[in-house]
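The chains carry the letters A, B and C, assigned in the order they are written, with residues numbered from 1 in each.
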């Protein structure tokens, strides 16, 4: 039988914490950009201007058809080269983090935009009519009447997507970045304690994601009774 | 005040309105009725440009609704509208519902707008509900708030799109009472409704529509005493029987 | 950009000599399809079972099903994969573990990937199945019981046939996900599409062609699955009910 040895974990905690910070930074910026760019995409998708709506539909469908791993590989292996030549960035500059963040943000925007589009569509059409009948223009009707209601309906879904995103960040492993998972793997590999480190990483992810999803559930209940 | 001249509208090949013409003068109350699908709601929504139309002309207080150069938002700010499903904004309190367009569209000051809103709320008998949210009010109360919200914009006329048809029967009268009150004060009103009692009491004229056409456009006495078209006779027979 | 496009590279003999680079791509394509389909079978069977268990009155069974779903949903797929691949063989009794480690490494990669993807997806399938059952009108269950059917019979004849139809559209998106998620398995060295893409970049030095070809393959899989599922949805629609005519 396997004999567990957890002794390498305490010493590795500072290194793991640095990894967790990378994970959190990537998650936070992808959520923020995802929501902003996703909202714009959703509004384009619903706009009566054909060119905008086609662009948004193409963007969203493309990113939703391709695995995240593939997108990250594009942004790890190909995009930096391309951008580097375009802006004369010296060869060998480490663009892994910014590149991974860009990949995540662009990828997640497609998913956020679908959530937001559904949210906007869940607001009854009569609300836009009522806002227009009061003399509001399209922008005012969206900003003051439709989006506040849409976002209220969407809060739980947006948060749940945030939890999924947090888990997805572990895939930056493909670009050899030391996020939380990458750090855990490195330590385990170095000390020959991969079994313990992988289980430890699993438990940490579980505790964080499970608590977060319970919070979302409670929030959802509070909203639906209010 | 409102002039509708030869208005036609179609969705693809489906003709919704055909050559509709009528006029509403200041202080008049017009009831528009007809079977469902007759185009009456569409017609009233054309008056403030919520529905576009392909031919004809609608002039409201000297402004052409169909003219692409017209600033529709500006026009709508002066024409009040009440919807079948109330369409209060559920994420705002009653007070905020009353104030929002006054502040954002007319540029009134927040306190001024709230003051005005509360006065109108008092008028429809709901001052005590000011701090509540739409979801906490009954349908009849919500519709009265919606009327107050439209009045807060100091409209030159009011459009009602089946204001009582989503209500439970016991709440219909509280809304009709507010509308009757308004009519007595001389508000120009165009009301799509099946409430023939209201039409008899309050309307100056009744317009009957069928299959997208205005079939009758008469004084209420004439309309109820001897409707000329067969469709109107059948419609009245059905509606007055219960 | 001074990039030399060369689409002909796919027809050149590969580094291993006995194949073209197009052949590599096709091998990866077959691996992705085979892995995803076999994992999908596991996901459907286990997911349906666990989803039903989540709705039964028995507290122990329902509690077990809830724990199952929460466990697989709250740990990243990559971590789960590494645990199946690196950790589990170590935890087996020494003799079995050692024997397992002697088997064909590709087989080990494939097994770990299949079980991992299958169980991960089964938790998500279970959630959809549960939602489908819960969205049935309450009267349906009572009507079944009132006719004298037992609870299992009511599930079997009344609730599940209807829930199954409600659940097909959301399952379509899980089915699409399993193909996309299979790309994660490239991280343990399984030579599916994404891994072949990486190899192609290294061997051909034509990164754009390689990645465009692989990305297009995923898009083709996506569109094909969507078209097929759409046809299927229409075949099983119930007249007078959602999706029915």
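As a convention for this text, a residue touches a chain if its C-beta (ideal position, glycine included) is under 8 Å from a C-beta of that chain, and two chains touch if they have at least 3 such contacts.
Labels paired with UniProt names: A = Glutamate/aspartate import permease protein GltK; B = ABC transporter domain-containing protein; C = Amino acid ABC transporter permease.
The structure presented is a predicted model; accordingly, all values stated were derived computationally and were not measured.
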Task: Give me the ID of the chain with the smallest distance between its Cα centroid and the all-protein Cα centroid.
output: A
Message: Quick check: which two chains are joined by the most contacting C-beta pairs?
response: A-C
Message: Taking each chain's centre as the mean of its CA atoms, which one is most distant from subunit C?
response: B
Euclidean distance of C-alpha centroids - subunit A vs subunit C, Å: 21
Task: Would you kindly tell me how far, in whole Å, the mean C-alpha position of subunit C lies from that of subunit B?
output: 55
Field: Distance between chain centroids, defined by C-alpha means - subunit A, subunit B (Å)
entry: 46
- request: Please list all residues of subunit A that touch 2 or more other chains.
  value: none
Message: Can you pull out the residues of subunit B that are in contact with at least two other chains?
response: none
- prompt: Which residues, counting only subunit B, touch subunit A once they are in their complex?
  reply: 45, 48, 50, 72-81, 83-85, 87-91, 100-101, 104-106, 146, 149-150, 153, 159
Field: Touching residues on subunit C, where the partner in the complex is subunit A
entry: 1, 70-71, 73-80, 82-83, 86-87, 90-91, 93-94, 179-184, 186-187, 194, 197-198, 201, 207-208, 211, 214-215, 218-219, 222-223
Subunit A - residues contacting subunit C, complex: 1-2, 62, 64-70, 73-74, 77-78, 81-82, 85-86, 167-168, 170-171, 173-174, 181, 185, 194-195, 198-199, 201-202, 205-206, 209-210, 213
Residues of subunit A defined as touching subunit B within the complex: 124, 126-127, 129-137, 140, 144-145, 148-149, 152
